[in-house]
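Both of the next two complexes hold chain A, though its partner changes from chain B to chain C.
Here is the complex of A and B:
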């Protein structure tokens, strides 16, 4: 747990001082929302509740991948990754520290993006704000659990910024199915749907446990 | 605190088709000061990273420290300084040391960081961000970082890089003190003079193999460096 707290503190302090990740994630997510909005035929805000959830989660995934790539770019500088690899702890705790920092930053980006999205796409997120935040958090947890693992795997490859999305996107399909369905349920009927929530919870559990165990080998050369 | 020994038999490391280390045998008694010298691409850094546990051998056997299947405990005994400083530019020198101390489970990280800053003449720089440091200043913080948990085995890859002569002499004295305190110290350096001045034993790597292995006792008194240069031939 000490290692988790230390890595989380280090990542958040570095981010606070450098402002390297969160602004980039926000700008990218908001830009994605704007582009997606203008890709819709004009005057077609009716029926938004059918397409809006998918478009929102596209913006979230893009922001998450950008953020997680940068999270490990921080460790490449000055070979700081070796410093983490040398820590005499279960490396799973280092994974959890990195994932927790990624989750906090992604959650901030999600909330800001959701507000902007609700305005541009004229969807009523406020009336389901509480449940929506829960779904967003479950989705973010899965994104960061899988994303942090694969960002750690891809960081030492030559084209790591390309490798991460290539490795990650296929594995995100179940998560996105659950997240989009849950969000669509909230916007349509006011309830997320048990099946979608179960899918999210199972995905998060599987990837948190698997990533914790596998991270021991991720930091080896 | 007991020093650590190193035992390598048939040690190999390959990166795809490239053999960075060919089968290499190396036995280092606990408490030895060893210098590893060689031209660029000889495999010195690869060897050091294997000893640190940062890389896994492609073949062969490697035992560092007491035989312990728990890799965490093996990592606890190693202090490592690489080519890069392992420091976070956005953090201050003190914060970098506190972070390293917390990772290594030091009981009072802030006190340990303060002591190391004083010991390495960094007292006035502790609250400045490392990103603004010169190479030499960052190197001194990096060396302090490698020693934050008082490891029995210290591995240093070209620690004199970027240091002015005064700082280099101070570091040499510090390394001698570490060795006198009973630690096993392995130093990778380009400088044969530094290697001969510091180490009880010098090994020379060439193209991933052990070319020369000489102990101070094998040479006449005050002629260690000269004897090494003779053994290396004209290219040295």
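Here is the complex of A and C:
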């Protein structure tokens, strides 16, 4: 537990001092939304509500990958990763600290992007703001649980910036289906379907537990 | 860390190659014969006979991916290099059979379903597995060979198999409809079809084992070559 808090605090502090990850994630997410908006057929916005949830989550996934790529790149300087590995604590807690920092940054980017998205795509996210935050957070939890594990792997391969999405995207499909269906349910009927929420919760649980256990072998020096 | 170049798994693989190769030749001939002789389907004519390649290839692919995860888990647990070699070999051979399965599917579906691709759970989940183990291969080729690459690949191989049930659930939620014929559950394999199906399965299983044995030997040779290169480099620098 102490390790979780220490790693989380260290990551947030270094982010606060450098301010490089969150602005990059935010600007990238906003730009993605702009590009997606212009990739829609011109004219009326009528057809948008069907594709809007999926497009929003595409922007979230892109922002998350960008942010998580940097999560371990920082640790490569001064060989800080070896320092983390040498810490006399269960490495699962180090993983949770890292993932918590990623989750917090992603959640901040998500809220800002959602506001921007709602205006540009003319979808009424505000009236379901509470439940939507819940769905966004469940999705972000799965994204960071899987992403943090594979960011720890990709950072020590060649072309590591390219490697993270290559590793992550094939495994994200169930999470995306759950998150997009839940968001679509909120926008359409005002409530997310139980099936979609179940899928999100199960995905989060599976990857939190698997990553907690497997991170031991990722950080091993 | 176990450093034996000649592992028990490798010795087994080498010993199995001859008999497996001979058995494969025999089984291919038998399967080819009984498949050609099998009666034509009332509705589909001879088209359905692709089943005798398509379905066994799927079983071989899933067996390969399962072995990748098992080999990875054993490697993480025992820290014995030979399990990593099993994981690499079965991932590659599994991907080969998965490709065969994905290529034969649309050939049949274009005629039977009218479309080469539909949102059928089994189809989509297999396609996702194909992409996942393609990424597995990229991960291996983009990391320096060694214990770290083996650990990373093991973690990824395990995650890939963990996802199979979740993918099924997701495609169901996505609105996919099962369109695969339920031959096994409903025992709809008509008269005279069980034998060619069984022959096809056996031939494909032996083909899988034969290719796996070959790939295991190659992996062993590769490891040994790397070790010799490494020793030579050390001598040169000394």
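Following the convention adopted for this analysis, the second predicted complex is superposed on the first by the 219 of 221 C-alpha atoms of A that agree within 3 Å, B and C clash if a C-alpha of one lies under 4 Å from a C-alpha of the other, contacts with A are read in each partner's own complex, and residues count from 1 in each chain.
Everything below uses one rule, namely that contacts are C-beta pairs under 8 Å (C-beta built on N, C-alpha and C of every residue); 3 or more make two chains touch, one makes a residue touch a chain.
Note that the coordinates shown come from a computational prediction; the quantities given were computed from them, not determined experimentally.
With both structures placed on the common chain, the touch criterion links A:199 to chain C but leaves chain B unconnected. Within the superposed three-chain model, A:163 lies in touch with chain C and out of touch with chain B [touch as defined at top]. Legend: residue contacts after superposition of the two complexes on their common chain; A:149 is shown touching chain C, with no touch to chain B.
Look at A:174: by the touch rule set out above, it reaches chain C but stays clear of chain B. Applying the stated contact rule after C-alpha superposition, one finds that A:210 touches chain C and leaves chain B untouched.
Using the contact criterion defined above for the overlaid structures, shared-chain residue A:218 touches chain C, although it does not reach chain B. When the shared chain is aligned, no partner comes close enough to touch A:188: not chain B, not chain C. Look at A:89: by the touch rule set out above, it reaches chain B but stays clear of chain C. Of the two partner chains placed around the shared chain by superposition, chain B is the only one that A:77 touches, whereas chain C remains out of contact. Overlap of the chain B and chain C interfaces on chain A comprises residues 220. Across the complex, chain A meets chain C through its residues 146, 149-150, 153, 156-159, 163, 166-167, 169-171, 173-174, 177-178, 181, 193, 195-196, 199, 202-203, 206, 210, 214, 217-218, 220. Residue ranges of chain C in contact with chain A, taken from their complex: 76, 128, 131-132, 134-135, 138-139, 142-143, 148, 151-152, 154-156, 158-160, 162-163, 166-167, 169-171, 173-174.
Interface residues of chain B facing chain A in the complex, by the touch rule stated above, are 49, 52-56, 71-73, 75-76, 78, 80, 82-91, 95, 99-100, 102-105, 129, 145. Interface residues of chain A facing chain B in the complex, by the touch rule stated above, are 2-3, 5-7, 9-10, 13-14, 17-18, 74, 77-80, 82-90, 216, 220-221.
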